[in-house]
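Below are two complexes that have chain A in common, paired first with chain B and then with chain C.
What follows is the complex of A and B.
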């Protein structure tokens, strides 16, 4: 097997917190640790889905992967460049072969810039492009099924679905190895969602680009991903091939997520609230909401361990014969 | 909503036309634009517009009320008031534009540096600007004039220093908001340098609020100039300025009230016109309003 295109190793991300006076007086925590220790890899040409509730740190992980979050430990490797901090010089190279699609497509386009300029901006930043920028814009827009005259429009003149396509075109401008797509289907109605997912799949086949696909939507993830990593409170709690996640989930949180998707009624995802990032539970962090929680869970945090080849989960009771899971 | 076959460059032009239409479409916007245009023309073409030499003394016809020969009457030396106002417009707008321009340059540079340059620099610049803002303007101006003497350059420096914090604040706040805007973060994710962020993404998005502030500031600057000239610390006679005309008229307000009234008229008129222009400009430039047309 070839080397993964993206590899996060023991990545830790924390944001400074509290006011300046609080920090000077030593009151309260100085940081909020969003990602305590995350390791993750995306294979070349594959799509990894990053799933979690809002606040699970999936967006932060996506941003950290392109150097937009304060990394305080561990490393991000893309290709052969490894960065260990937010202002590492390696990001310039990494950003040239990685691109990001933001959750809010319209907001991620400069309102005062024509779409043609926006789409070709990565080329202008990277430098070394000496072709005709208008032709290139038309070509990129064509790639995502938009006519060339979109190049002269402004973001507020197009629909949400069209804006999404424009951001896809921009993400592919430099023919990257990896695209980090943060909720690319957010705010789109179902038919447009389908079109977009087909487009992404088609472009992946044609260009061989890898995707880190961040979403909370399991149905979407099921269709487009090869592997899925489930996040809870900034940690990956289970990771497996997509099929396995749906057929044989091992972590109670994964089961709850899948159960919630299949349940027809309304109601919350699972019982209880997500604990605060500043007051993480002792032991297993999911135990406050876990139906299986025992004394062991309160005493000892479960490690992320391999249950089957290519399938990891962090639960003391994962991988055990059935019985425990349905108590 | 979008017509895919629309000729593309036309869309851009239509966008600009739409802004102009929204500006001139409202009665206040149209009237304000007209009045401002009249002041600008008066200033640029003063020798052509003014019926008399503004400094020509005619003692026989002094302190006369409005008449066919002198539309606004004459002052205590028999000079034509309309001509003096027209030339005063030149002074007023010259100082307003250079003063505001200098304030804009200084304020914007500081605002950009504060917004993009990290916490310590930001705090230092905020402190500096708040300190300037806390100075009583008139005392500050009088102190400077006492030291350096009353002159046009001194006036411009006073205006630049006192107005810069306004631009600083608007630019800094806008930059801080933009720092977290998705399209700025997106440009960062593409590897854009800070300089590129500032020049290609921040600046174009700052122009709207800045234009509005300029339109709103011009009457304030005219007020400062008039006020200092009224106190005898601004434009020195015989060069005409609305402020020193008002001051002279004030002396003779019992015998010939029309002098003070004539001098006050352009101050009031320009203040109202520029303020309304600024307000309609703010509405016309709002991109969210553009969506609805």
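What follows is the complex of A and C.
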């Protein structure tokens, strides 16, 4: 297999926390660690789904992959460039091959710029483009199924679904190897959501783009991803090929997420809320909500380990046949 | 069915200075003990209908037809004072966003006490006992502690439980829940839907559940009304409509739901085109420009409601009873 296009290694992201006074007086923790230690890779031409609930750190991981989050440990590699901090000089090169689709498509378009200017702005920033920007705008908009006259419109004149398409066009302007798509279907109606997903799939087939697909929607991820990584409290708790995640999930949290989308409910329902990032539980961080938790889980944090080739999970009881007594 | 709690007859609603009506000729009924799911995508008019049921349409909105709550027309005979007396006692709501639904500067316990102000003859101790009972019913841990907390100290899932408890405290005859799980995470949503299903047992009145999510309707509702671009396209029991959809829009919408597609596919079904703009409605059937089975008649003539059985109908020329 060729080298993965994106590789995060032992990535740590933390944000400063507390008031200035607290920090000066040395009171309380000075940082909130959103991603304690994340490793993940996206294979060229493939789509990795990053799944988690709000606060799980999936957006932070996506942003860190393009240098938009403070990296305090570990590294990000895209192609042959490796960055170990958010102000590393390598980012300029990485950002020419990577682009981002932000969660709020309408807000990510400058309200005072025509859509034509917006979609070709990456070319102006990257430099080295000497063609006609109007023609290029028409070409990019055509790629996502919008007519050239959209180039003269402003964001407030288009629908949410059209705004999504414009952000896809902008993401493709530099012919990137990797697109980070943060909740690309959020806020879209069911009847147009499929259109956008099909478009991303078609562009992948045609241009060979890889996607890091961030979503909370497992039903969508099931159709459009090759592999899935499940995040909980800033850690990847399970990663496997998409089919395996659904047919043989090993982590109790993955099972709960799959159970929660069943129409009948019931199966694997978990109680309680996600703990606060500043008060991570000792031992296994999922044990406060886990139906299988034992003393071992309180005493020792499980490592992310390989259960089967290409399938990792961080649970002491992963890989055991179902129904085994844990006492 | 006994006399309906809520009955809409040919309701059309036009906002002040809007080019056309946002809701057109909608009729349905909800009976005691029933839960009706109103399903629609953006622009379908579902939130407009919710506002109308609460008597909360903006001043100057033009309403035709009748919207009766226990036989009284909310628009014909009621003054603002009458409406205020209905809301919060006979008609309670659960809002979409639990973070803005509660007062940020008042403790939870005090707010829940105020929600019972229509029952002012209730002694203080009894009001408190009722709050604790409700908080337990929505499976909130440490209700005593929660009552001393402010909304910003609580998570969305807990706040939504508080909102449900507040609505139940009013012992409403009509409960309107407007996308109560849309802002929540999947595992929290599953918990809240479980609590709503339990609450249905204790609630003596009718419930209207507004959502864009068919699986929520499937889990919680008895009956369903499918709206498209301000019109009611199909209605019936959940089993009838989801099991045997008759209107092409209902069929297409169900086909588009990735959760309903058994085998993973890279080519997801979609409905081509977009919802027509308010000032650009087709002359014939509202769904004709996007309908895969449209015929010439659909373009020329708007379909009437075809009755397909008791309280089951679809508005489509191609539907035959």
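One rule holds for everything that comes next: the second predicted complex is superposed on the first by the 316 of 327 C-alpha atoms of A that agree within 3 Å, B and C clash if a C-alpha of one lies under 4 Å from a C-alpha of the other, contacts with A are read in each partner's own complex, and residues count from 1 in each chain.
Here is the rule we go by: a residue touches a chain if its C-beta (ideal position, glycine included) is under 8 Å from a C-beta of that chain, and two chains touch if they have at least 3 such contacts.
Please read all numbers here as calculations on a predicted model, not as lab measurements.
K.L.:
Under the superposition described at the top, does placing chain B and chain C together on chain A give a clash or a fit?
P.N.:
fit
K.L.:
Have a look at where A:257 lands relative to chain B and chain C in the superposition and call it first, second, both or neither.
P.N.:
After superposing on A, A:257 lies in contact with chain C but is clear of chain B.
K.L.:
Taking the superposition on A as described, I'd like to know which of chain B and chain C A:159 touches: first, second, both or neither.
P.N.:
Touch status of A:159: both partners.
K.L.:
Would you sort A:207 into first (chain B), second (chain C), both or neither based on which partner it touches?
P.N.:
A:207 contacts neither chain B nor chain C.
K.L.:
May I ask you to decide whether A:193 touches chain B, chain C, both, or neither, giving the answer as first, second, both or neither?
P.N.:
second
K.L.:
Who does A:301 touch here: chain B (first), chain C (second), both, or neither?
P.N.:
A:301 sits against neither chain B nor chain C.
K.L.:
Touching A:53, do we find chain B (first), chain C (second), both, or neither?
P.N.:
So A:53 only meets chain C here.
K.L.:
Taking the superposition on A as described, I'd like to know which of chain B and chain C A:216 touches: first, second, both or neither.
P.N.:
Second partner only, chain C.
K.L.:
Roughly how many degrees, to the nearest 10, is the angle at chain A when you join its Cα centre to the Cα centres of chain B and chain C?
P.N.:
Spelled out: centre of chain A as vertex, angle of 80 degrees.
K.L.:
Can A:108 be said to touch chain B (first), chain C (second), both, or neither?
P.N.:
After superposing on A, A:108 lies in contact with chain B but is clear of chain C.
K.L.:
Please provide the least distance in Å between a C-alpha atom of chain B and a C-alpha atom of chain C in the combined superposition.
P.N.:
Chain B and chain C, overlaid via chain A, are at closest 5 Å apart by C-alpha.
K.L.:
Report, in rising order, the residues of chain A that make contact with chain B in one complex and with chain C in the other.
P.N.:
Residues 159 of chain A touch both chain B and chain C.
K.L.:
What residues on chain B touch chain A, complex-wise?
P.N.:
1-2, 4-9, 11-12, 15, 181-183, 185-192, 196, 200-201, 204-205, 287-288, 290-291
K.L.:
What part of chain A is in contact with chain B in the complex they form?
P.N.:
Listed in rising order, the residues of chain A that touch chain B are 66-68, 91-92, 95-96, 99-100, 102-104, 107-114, 121-122, 125-126, 147-149, 151-154, 156-159, 162.
K.L.:
Help me check something: in the complex, which residues belonging to chain C touch chain A?
P.N.:
41-42, 155, 157-158, 185-191, 193-194, 212, 215, 218-219, 252-253, 256-259, 261, 264-271, 274
K.L.:
Can you name the residues of chain A that touch chain C in the complex?
P.N.:
The touching residues are 53-54, 159-161, 189-195, 197-198, 201, 216-220, 222-224, 242-243, 256-257, 259-261, 263-265, 269-271, 273-274.
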